[in-house]
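First chain written, first letter: the chains are A, B and C, and each begins at residue 1.
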Amino acid sequence: MFDYNFHWRPVMRDLPDLIEAGLLTLQVASLAMILGILIALGLALIRLNMRGPLNWIATTWVEFARNTPALFQLFFFGFGLGAFGLHLSPYAIVLAGLTFNCAGYLAENFRGGFQAIPETQMRAARSLGMTATQAYLRIVIPQVLRIVYHPVTNQMVWAVLMSSLGMLVGFRELSGETQFFASRTFRIFEYFAVTAVIYYVIVKIILGASRLLASRLFRY
Amino acid sequence: MSQPISFFSGFQPSDLLFLAEAAWRTLLISGLAISIGTFFGIIFGWLLYEGRIWASLTLAPVLDIFRSVPLIIQLVLFYNFAPILGLNLDPFASGVVILAIYTAALVANVARGGIEAVGQPMRRAARSLGMSYWQDLRYVALPIGGRAVFPAWVGVALGVMKDSALVSVLGYVELLKASQILITRTQEPFLILSIAGAFYFALSYPISRYAARLEQRWAHA
Amino acid sequence: MIEIRGLQKYFGALHVLKGIDLDVEKGEVLSVIGASGSGKSTLLYCINGLEEIQGGQVEVDGQNVHAKGADLNKLRQKLGMVFQQWNSFPHLTVQENVALAPRIVRGLDRKAADEIAERQLAHVGLGDKLRVYPGALSGGQQQRLAIARALAMEPDYMLFDEATSALDPELVGEVLETMRMLAEEGMTMICVTHEMGFARDVSDRVAFFHQGVMEEIGPPSQIFGEAQSPHTRGFLANVR
């Protein structure tokens, strides 16, 4: 059926390098998620509790992150900032782009999570003599975490998939590394097929780990 | 700053038209992919819901692959695999095929959720009124379930519209590729990216706001 | 002792409490009755400072609740509160629900807090549910959990805000029984309630609220037997 001869040997030879690049993918995605979660918490709380310029900035961040392509955002941190003489390394471009994007999406999840906790929970906690901070940390936030756990997991998967855009800004994470090898050997299909499998495995590991963690964290 | 920013030098009004045409091509390729993908996605979703064993053993894992591999990898793979099969597809056709399959994989989940949202009791009630399976689907399950998942579907569609930017890697000149071309020529990355971003925002933001408002109204109804 | 003088409360333009004067003695059980919107629940929120007031004052054991700088968190430990919607904390087990506040507010160590929780839960008949999450409990059980949670702070007063209104009819009895038990143990209680049987049998005094005014207060025999105000008589005729 095929006139094409598949050559898998070069790919197998480079597999250790690809797996290592996969770890870099996982690293940049995790870092972006950690930063994204922290920023998203801030953005959500600002949007819920504040008016004025801070609210305006938070809203703009969220809407631009959600309404423009992730690749566009990467380009912006790449040569967009270059116009101001600010040249980020490929790693920094990907990290900044992913963080910006994840923070925007997560902020909306968090906002929904906070809104889903009835105000009466706060009242009940305060009636027991808890301070506002205690009530927030012990009663409200644990319940919000449960609500946003699933969306956060999904976002982590998205972050891994999105980091593949790194290959378009010269970052040698999994996709970038693959492209590098593929263009050297012209075995484009074989290399990218193997990389697809590696992505699939990474995603499955994340989902599995998340499920395991959830079963330990949430017993109610 | 190494050099003063001089807006508009090198950027001509005709370039704006070039970007607008490219934005139209973004709409074209994503509109086509979303339509085809939604059609198949609903069928897939229905098959998954009906839970025939072969559907959950074959269809589900395949769709799962398309949700677990970066779109850009899918595009590169397909673009390089089609010639192996003896197909000669241009970037546009390759883009439509992959974006449509990707859409279908996402819509399948949404559609199944919609049918599940209707719930057995309501469907039993419909059947007990003497409706046939198809009447029940047409007059009860689809309208109610469609309402429940319409906002989620809008989210998928807007996502695909934004992800269509990736077809630029195959050389298809949509909005983002056009911006790249212009940036190379004019050396005005900030200005041109801002215009491109404004185009995307103008396409996506009103629709997402509209969907959010609908969702809120339906939630209180 | 709780002393309320000339209490005024507005929600925006809405005048909810129009000059309330009321004393509640240690050991007394006071039931507050009246139609919905008569301001009786708001009264409770003003007593423990969950709502601000616009006039008059509330003193608990001689301490002005709404004075600037009043230590409300300290004060609320004296005033246990049970809500209409029981508001159990869904992410904590039954025992943790009760032990949390003693631990982080009163500063007890984990063991002491757990012991208090166990004791109070046994007291309200939930001694066998320690490790269960509230989601697995019935409404009546969750309301008894809320009572145990408030008692664990060892309060001097208990405020009940329509504690049985949100319950299915067959679950009302077990909660009223628990409240009656507290009354018999000598707890000072203010109960906003629609349960006229409870008000008549358990209270020392009954207050009738009508449109933000305390129309009438007196022993149950007076309110239920020879009410002075036509509003009181009208209300009682309707609920019976």
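Please note the rule applied: a residue touches a chain if its C-beta (ideal position, glycine included) is under 8 Å from a C-beta of that chain, and two chains touch if they have at least 3 such contacts.
These figures come from a predicted structure and were not determined experimentally.
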item	value
Chain-chain pair with the highest tally of contacting C-beta pairs	A-B
Chain whose Cα centroid lies at the greatest distance from that of chain C	B
Chain ID, smallest distance between chain and overall C-alpha centroids	A
Interchain centroid distance [CA atoms averaged], chain A/chain C, Å	47
Chain A and chain B, separation of their C-alpha mean positions in angstrom	20
Chain centre separation in whole Å, for chain C relative to chain B (CA means)	55
Where chain B touches two or more other chains at once, by residue number	none
Residues on chain B engaged by chain A in the complex (per definition of touch)	1-3, 5, 65, 68-74, 76-77, 80-81, 83-86, 158, 162-163, 165-166, 168-169, 176, 179-180, 183, 188-191, 193-194, 196-197, 200-201, 204-205, 208
Chain C contact footprint on chain A (complex, rising order)	118, 120-121, 123-131, 134, 138-139, 142-143, 146, 218-220
List of chain A residues in touch with chain B within their complex	2-4, 63-64, 66-72, 75-76, 79-80, 82-85, 157, 161-162, 164-165, 167-168, 175, 188-189, 192-193, 195-196, 199-200, 203-204
Touching residues (chain side chain C, partner chain A) in the complex	48, 50, 73-77, 79-81, 83, 85, 87, 89-91, 100-101, 104-106, 133-135, 146, 149-150, 153
